[in-house]
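Take a look at these structures.
Below, subunit A partners subunit B and then partners subunit C, in two separate complexes.
Up next is the complex of A and B:
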C-alpha cells in the first residue's frame, strides 16, 4: 500500500509521520498524566509505526509508470477494513451493554467497564468508527468513478483515514478513562475535536480537488450528498464543540454555551449528525451503489435533486424536537416539530425513488443478497423517517420521550437502513477491488442478510413494546389521581424486552462478524496485483 | 429582537424564502433543457452493456 507511493510522496509521508510522533511526544510530556498523556503516547506510537512502515520501503523503486491511468483504491480498501473492525468493536460493546441492562449484576468492578463509560464507546464505535470509515471509503470510490478521474493526490487520503481513525481511538479510549464532554455523539474532548477539524479540512480539500479534475461534465448526485455530509458535519462539529480547556496540558474543557442555549446547540448538532453524517452520506452511497448493483439508472434523477435540497433545507431546523416540554421556548419546539413533519416529503421521495429503481429488477433482488441489503435499507429508511416525523409531534413525544421507543427508532434507522446500505456497498466493492466476480464465500452473504434482518426486527419490535409500555406505565393514574406504577415497576417490566434486544443485537453482530471474515477471505484470496478493472478517462488533446 | 418581530419575520420573509427556494429547485430540476444532461448523468455510472463495449 505504501509501495505504490512515489518517492516524493514517501518523503512527504515520512515528514508527516515524524511530525505526528513529535506532536504525540509533546502532548504526552505536557500533560504528564491522565487521558491526554495516554493519547499523546498513542499518537507517538502511531507516528513511530508509520515512520518504520514508510522507512521500510523508502528506497524501493519509484511508483509504477502507469499509476496515473488507474483509480486509487488502496485507501478505499483500508477504509473498508477499518469500518468492519470498528463494526465488530462498536456492535460488540453494544451487545455487551445491552446484556448489562438485563444482567446489571454482571458489571465488573473496574470503573472503565461501567455502563456509563461503555455506552458512548458503542455509539462512537458504530457511528464514527463503522459509519464514518464506511462513508470515507465509499466516498473515495464513488468520487473517482463518477468523475472518471484518479484522486487528486496520494498522500491526503491516508492523512484523512489514519487521522480519522486516530480520532476514533482517542475518543473511545478517553471515555474508558472517564474523559467526556457529556455531549451526546460529541463526547470527545477539545484536543480530539481540534484534530478532527484538521482532518476534515484535508478531506474536504481532496474531495473538491478531485471533483475539479473530473472528466464527466455533470457532477453525479451522489457527490452532492457526500459533499453535504463533509461540509455540514464540519460546521456542526465546530459550533457544538466550541469549548475552553481548563489548561492546555489537560483533557478537561467547558463548553462556551450555557443553559438552554447549550441544549439547543447540542441538539442542533445531534439531530444534524443524524441528518448529515448518518443520512446524507449514506444516501450518496444508496444513489450510487443501488443503481450500479441493479444495473438500472435511478428511477428519477430529477426527483433525487429535489429531495437533496429538501433534505438539506429541512433537516437543519428539526433539532429542537429533541427538547419538547423543556425550558426551550415553546415556539422553537413548534418550529422543530413542523419542519420534522415536512421532512417526511423529501425523505419518502428518496426512499420511493430507490424502491422504484428496482421496479423491473425484482428477480435480481430475489437472487442477489447484496442488492437485497440495499432494498431492505431503502424500506427501513422510509419506515424510520416516517417514525421520526411522527415521534417529533409534541403530544406523541410526550408518550415516547425518555422511553426505549426512541432507542427502537434510532436502531431501525441505524441497523435497518445505515448498516444495511453499508453492507450492500461493501459486498459490491470488495469483489471489484479484489479483481473478482463475487465474494470468497457467497453463501455467507445470504446468511449475513438473514441474520441482519432477523436481528433488526427482533431488536426494533422489542424496543417498540418496551417504549410504549414504559410511556403508558409512567402516565397511568389510579382512582385517587396518584401514579399507578412506581418507576421501579416500570424498570422491572422491561426485563423480557431487554433480553430480546440483546438476542437481536447478537444476531446482527454475528452477521457483521461474518461480513468482516468474508471480506478478509476475499481480500486475501486476491492476487498480489489485483485491482479494479475499470480505468479513469485519459483526456487527450484535440489534434 | 422582540418575539413579535421574530414571528412577523418568520411568517413573511421565512415563508417566502422557503417557498421561493422550493420553486427555484423545482424549476432547475425539471426544466426541459436539463433533461438530456440528467439522463446522461443517471446512466453514466452504469457499465455499458456487453455488446456496447468496445
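Up next is the complex of A and C:
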C-alpha cells in the first residue's frame, strides 16, 4: 500500500502522521479525563501506528516508474474493507438493539451496553461507517474511470479515508462513554465535527483537482451526484453542528440553536443527510455501476438531468415534514409537505431511468446476482421514495409519526436500496481490483442476495404492521368517548413484530458478513501485484 | 435548456456553483424566518430556565439516549391532548439547547410528565422498570446511584447564558451550591434556590436520601420539571376545554 508512494509522498505522510500523534497528545493532555482524553489517546495511537507503518518502508525503492499510467486503486480497496468492517459492526449492533426491544434484559447491566447508547452506534456505524466508506471508496473509483485520469494526488485520498474513519471511531466510542450532542444522526461532539470539516475540505479538493485533469470533456452524471453529496453534506453538517463548547478542554458543548429553531435545523439536516449522503451519493454509485455491469448505456440523458436538479433543489425543502402538527409554524409544514410530494417526480425519474437501462440486459439480471442487487436497489428506491412522499402528507403523518412505520420506511430505503446498491458495487469492484473475473466464492453472492432480500422484506413488513397498529391503537376511542387503549397495551402488541424484525435484521446481517468474508477471500487470493487492467487515457503531469 | 446543461457539465466549478445555489434556496426560505425568533415565537412571561440540578438531569437524559424512545412534543391532535395533556407550544422549549422533541414513541411522550408520578415511583422505575410496570420494555439504569458530578455546572450555565438563556451572574456563580441545595430541603441554600428560580421549583430529596447527591436526584428532578417550566400551555388550552 505505502510502497507505491513516492519518497517525497512518504515524507509528507510521515509529517502528517507525526502531526496527528502530536495533535492527539495535546488533546489528551488538555482534557486530562473523560471522552475527549480517550479520543486524544486514540488519535495518538493511530498517529504512532502510522509513523511505524510509513517508517518501515521509508527507505524502500521509489515508486514504480509507470505509476502515472495507472489508476490509483489502493484507497478504494482500503475503503471497501473499512465499509464492510463497519457494516458488520453497525448492522451487528442494529440486530442487538432490535433484540433488546423484545428481550429488554438481554444486555449486561453496564451503562455502555444500554439501548440508548448502542442505538446511535448502530445509526452512525451504518450511515457513516458503512455508507460513508462505501461512498468515498466508490467515488474515487468512479471519478478516475469517468475522467479517464489518475487521482490528482496520492497522499490526500489516505487523509480522507483514515481521517473519516477516525471520526467514525470517535463518534461511536463517544456514545458508549455517554458523550453525545443528542442531535439525531449528528450525535458526535464538537471536536469530532470540526475534524470532519477538515477531512471534507481535503476530499472536495482531491475531487476537483482530479476533475480538472480529466480527459473527457463532459463530467459524467455519477460525478454530479458525488459532487452534490460532498458539497451539501458539508453545508448541512456545518450549520447543524454549530455549537459552543463549555470548555476547549472538554467534550461537552451546547448547540447554538434552541427550541423550534433547533428542531427545524435538525430536520433540515436530518432529512437532507438522507438526501445527500444516503440518496445522492448512492445514485452516483447506481449511475456508474449499473450501466457498467449491465453493459448498457444509461437509458435517458435528459431524464438524468431532470432528476439530478429536481433532487438537488426539492430535497432541501422537505425536512419540515418531520414536524407535522408540532409547534413548528404551519406554513413551513405545508411547504415541506408540498415539496415532499413533488419530490416523487425526480425520484421516480431516477428509478425509472435505472430500470429502463436494463432493457436488453434482463437475461443478465436473471443470471447475475450482482446486477440483481442493483436492480432490486432501484426497485426499493422507487418504493421507498413513494412511501416517503406518502408519509409526508400531513394527515397520513398524523397516524405514522412517532410509530415504527417510520422505522420500517427508513429500513426499506437503507436495507433495500442503499445497502443493495453498495453490495452490487462491491461485487463489481472487488474482482476487478483483484485482477480477476469473479469473486472467490461466486455462489456466496447468490446466497447473500436471497438473504438480503428475505431479511429486508421480513423487516419492512413487520414494521409496517407494527407502525399502523400502534398509530391506530393510540387514536382509537371507545363508545364512551374515552381512549380505548392504554399506551402499555400498544407496547405489548409490538412484541411479535419486534421479534420478526430481529429475525429479518439477523438474516440481512448474515448476508453482509458473508459478503465481508467473500471479499476477504477474493482480496487474499489476488497476487501481490494484482491491479485493475484498465488504464487512464494518457498520463498527465501534475498541475 | 439542454444545450445550456450540455455546456454547464463541462465546467466543474460551474456545476459546483449551480449545486450550491439550488441547494441553498429551500433551506433559506424555511430556516431564515426562524431567525426572527423573537417575533415568531412568543416566549411565555412565566417561563423559567432549568435549575442547575435539572440541567444536570437533562444531560443524563441525553447521555442515556432517552430521546431515542421518548418524545417531548404533544401534537395538536385530539387523542394526544386526551392522552398526554395540552399540546406543546414553541415557547416552552425556547431555552432548550438542543430541543428534545424526539421522533419516536417506543415509550410514551414525556412533555407533560412533571408531577404525574411520585419521586419514589421514578426512582424504582428507573432502577428496575419491570418491578412497577411488568409489561415495560425500558432498560434498567442501576448506575444512576453514582454521585453527581457538579464540577462543570457553573461553566455550563455560563455557556448557556452566552447563547441567550436568562441565567444571571448570581445563578452562574452559585450553580454547584444550588444543585446540592435543591435536593436538601432543610439546608440553608434551599431558600436561595426558590428565590432564584421561583417558588414553583421542586425542592426535595428526589432519590429519598438527602445526604448524598446522585445522578438519580438530577434525573428525577429533570423529569419532574417537564411541562412545569411555564403554565402557558395549560392556559392556552383552558378556554377550549371549557367550551
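Throughout what follows, the second predicted complex is superposed on the first by the 538 of 543 C-alpha atoms of A that agree within 3 Å, B and C clash if a C-alpha of one lies under 4 Å from a C-alpha of the other, contacts with A are read in each partner's own complex, and residues count from 1 in each chain.
Everything below uses one rule, namely that a residue touches a chain if its C-beta (ideal position, glycine included) is under 8 Å from a C-beta of that chain, and two chains touch if they have at least 3 such contacts.
Remember, it's a predicted structure, so these values are computed and weren't measured experimentally.
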item: First (subunit B), second (subunit C), both or neither touched by A:309; value: both
item: Touched partner set for A:181, first subunit B, second subunit C, both or neither; value: second
item: First (subunit B), second (subunit C), both or neither touched by A:145; value: first
item: First, second, both or neither for A:218, with subunit B first and subunit C second; value: both
item: Touching partner for A:298 - first (subunit B), second (subunit C), both, neither; value: first
item: Comparing the two partners subunit B and subunit C, which touches a greater set of residues in subunit A; value: C
item: Partner chain(s) touched by A:288 [first = subunit B, second = subunit C, both, neither]; value: first
item: Where subunit A meets both subunit C and subunit B, residue numbers; value: 217-218, 302, 305, 309, 313, 335
item: Touch list for subunit A against partner subunit C, complex; value: 100-102, 104-105, 107, 109-111, 114-117, 119-120, 175, 178-184, 208, 211-212, 217-219, 224, 227-228, 231-232, 235, 239, 244-247, 250, 252-266, 268, 276, 302, 305, 309, 312-320, 322-329, 332, 335-336, 339, 398, 401-403, 406-407, 470, 474-475, 477, 483, 487-488, 491-492
item: Residue numbers on subunit B that touch subunit A, as the complex places them; value: 3, 7, 10, 18, 21-22, 25-26, 28-30, 34, 37-47
item: List of subunit C residues in touch with subunit A within their complex; value: 2, 5-6, 9-10, 12-13, 15-16, 19-20, 22-27, 29-31, 33-35, 37, 40-41, 59, 62-69, 71, 73, 75-77, 79-80, 82-83, 87-109, 129-130, 133, 135-143, 152, 155-156, 159-160, 162-165
item: Residues of subunit A touching subunit B in the complex; value: 145-146, 216-218, 220-222, 288, 291-292, 295-298, 301-303, 305-306, 309-310, 313, 331, 335, 534
